[in-house]
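First, the structure itself, so that you have it in front of you.
Each chain gets a letter, A, B and C, in the order it is written, and its residues are counted from 1.
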Amino acid sequence: MRDERAPGMWRTALAVLRKDLLLELRGLETVPAMILFALVTFVIFHFGLGRDTIDGQLAAGVLTATLLFAAMLGINRLFVAEREQGGFDAFLLAPVDRTALLVAKALALLVFLAVLELIAVPAFGLLLLGPPLGSRLPGLVAVLALGDVALAVIGTLVSAIAVHTRARDLIGPIVGLPLLLPALIAVARGAGPVLAVHGSGAPPGRWVAILALYDVVFALLSYAVFDFLLED
Amino acid sequence: MTTYGRGLRGLAIATVVTITVALALVFFYAPLDADQGFVQKIFYLHVPLAITALCGFVFGGALGAMYLRTGEARWDIRSYVAIHLALIFGVGVLLTGAIWAKASWGHWWIWSDPTLTSFLIVMLLFATYQPLRFSIEDRDRQSRYASVFAVVAGAFVPLNFIAVRAAQAYVHPRVLTLAGGNLPGSMRLVFVVSLLGIALLYVTLWKYEMAAKNTRMQVRALRRALLGDDAVSSLKRSAAPS
Amino acid sequence: MSWRRCSTRVDQLPAIELRGLVRRFGERAVLREVSVTVPAGATLAVLGRNGAGKSTLLRILATLLRPHAGEVRVFGEALPRRAFAVRAHLGLLGHDPLLYRDLSGRENLGYHARLYGVAPRRVEDVLDAVAMRERGDEPVRLLSRGMVQRLAVCRAVLHRPRLLLLDEPLANLDPAAGGLVAPLIGRSSGATRVLTSHDPAAALAEADLVLGLQDGRAAFVCPPAGVDQPMLEQLYA
């Protein structure tokens, strides 16, 4: 009596992703907040560091920290609508692969991060970065894209854990930050040479490799354990 | 039900004997380090503690995976005890590491040692295990989420060491590496005995805590069976499974 | 001859079989050894006070909660192991409408249509059936509770479920709206139904079989004709 109509994993994930993007477009709550947060943080770093321009490792560190904390805002809100408006039950009732929810939420977070960086990275170039951004952009985009995958995967996993806890606003960040540390080290160290005044503009292969390894390992691991977070 | 108390006495005696022998060897047999002098002997406590704690974290992850496979609560309890003890050992690692760093290099903390830095990050992650459990009220969900955490964090341990080691531009010249690959023979013997002692201590404590939890659960189950469900006061909110 | 016997057996397959169902929350048992069998197409009314275990029973049948002991079969499939096979045939209508407040009714139903692999045409049909076609593009948060409940009915029956799990389905609905949803979730829907209600009289009128729950135990299982006033008084005492 298995139902042939039931959609496959990817079609389900796309349906959920579509719904999430529609909800974000209607509410315009999460992404604008992430962008504003990042811009304010750049201003804080300007005053905190007492510098008009920064470059190299310092610039990479400032950019990584800013994007990380802006991403945390999105991660905290990722499952809020599901919990408060019955989205979990509605999804769990449907004859679909539960892992599709992980895939959809990670993709949604990836879209949010891309939009954030589309604005925050040029703003960083204008406000703080010493050397011109133009020629450094491809290398930076490569490192940030790999970092975004790590943020999306771990963010989704941690958010799915945190949303069912009492102290959900605290559990997400305190579990997520140490778990993300290896990826953040790699993003910061990989972007450092890219943003240096006399850099070649290419990220060191070692860091790209570590980021890719991190992404693959945790994507597979999240895929394996995600179902257990939805059962009741 | 497994009886964790079986063999506990023999194990405890073996632990005491091994640790006594290890201490005697450390103080009276192990050679003084040429550069660092007496304080280097903290190595025989620091490194075995670190190895045992890391193995304890990974062990907890494996037990968590067993819980997810079987759904039997006892695996979650085993995982909890493994991680909880590894955390206590881990605090010892950070303290002895700081003392060693202060005595050798004059600073309480040195970032240039990738092993110690990695260990700090692992500790920061596992320190969230108890708050996470404490924050979930439903017992089944607590077990499931804690096991998911244990599995993910267990896999995190090796990846983290790779990333941090790569981040260090140079490794601070250390007399001894963690693996003990280039230890002189006499030091190696003392190190192995110390490691055995600490590992035995971990296993003894693990079995001891499991026996205590097991007994408490059996008492509760008996009370429920004899007096009925409502006669047993419900458990207080707690991070510890029982 | 053998296939004939086979086919009659399929026809007689009960929609729901519960045998010794136990569910705990922590150490507290919410359902204790509940057993009941519901024939296909019949309506089971579940009665009991708040906290008697009605909603828990519905959530177990909806595959949202796992049973801790006992046997649960829906359309012959054992839960929770075969939950995946059962889900396509379940419709749950509970206290929570399971609709996103910032999306319109049409968008919400479109999302569910994708999850169930149902043709978009069906969304318009069910909106028509509950007279919500005109207001289908307004965000759910702007609608009255009665209208939200009508949309929730649409959501529950969108995929033409063979088993309807109805937790107080007529709450928030006036009689006219109740008449609108009757063909979808009433007896004439043809589906097997499990129904809870705070109003025993209304539930008894709809039921073929009544399960009285008291502190998680089945106090009685009998046809509505066999339920008399003292039994109800004891159940709600």
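The rule we apply is simple: a residue touches a chain if its C-beta (ideal position, glycine included) is under 8 Å from a C-beta of that chain, and two chains touch if they have at least 3 such contacts.
Here the structure is a predicted model, which means the values were calculated and not measured.
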Hopping only between chains that touch, the fewest steps from chain B to chain C number 1
Maximum distance between Cα centroids and chain B occurs for chain C
Argmin over chains of |mean CA - global mean CA| returns A
Chain B to chain C, mean C-alpha position gap in Å, rounds to 49
CA centroids of chain A and chain B: separation to the nearest Å works out as 32
Distance in whole angstrom between the CA centres of chain A and chain C is 39
Residues of chain C that touch two or more other chains sit at none
Multi-partner residues in chain A (2 or more other chains touched) are 231-232
Residues of chain B that touch two or more other chains sit at 137
The residues of chain A that touch chain C in their complex are 1-3, 5-7, 11-12, 15, 18-19, 22-23, 26-27, 81, 85-87, 89-96, 231-232
As the complex stands, chain B meets chain A at residues 68, 121, 124-125, 128, 131-132, 135-137, 140-141, 144-145, 147-149, 151-153, 155-156, 159-160, 162-164, 166-167
In the complex, chain C touches chain A at residues 59, 62-66, 75-77, 84-85, 87-90, 92, 94, 96-103, 107, 111-112, 114-118, 139, 155, 159
Chain B residues touching chain C in their complex are 137-139, 220, 224, 229, 232, 234-235
Seen from chain A, its contact residues with chain B in the complex are 157, 161, 164-168, 170-171, 174-175, 177-179, 181-183, 185-186, 189, 206-207, 210, 213-214, 217-218, 221-222, 225, 228-229, 231-232
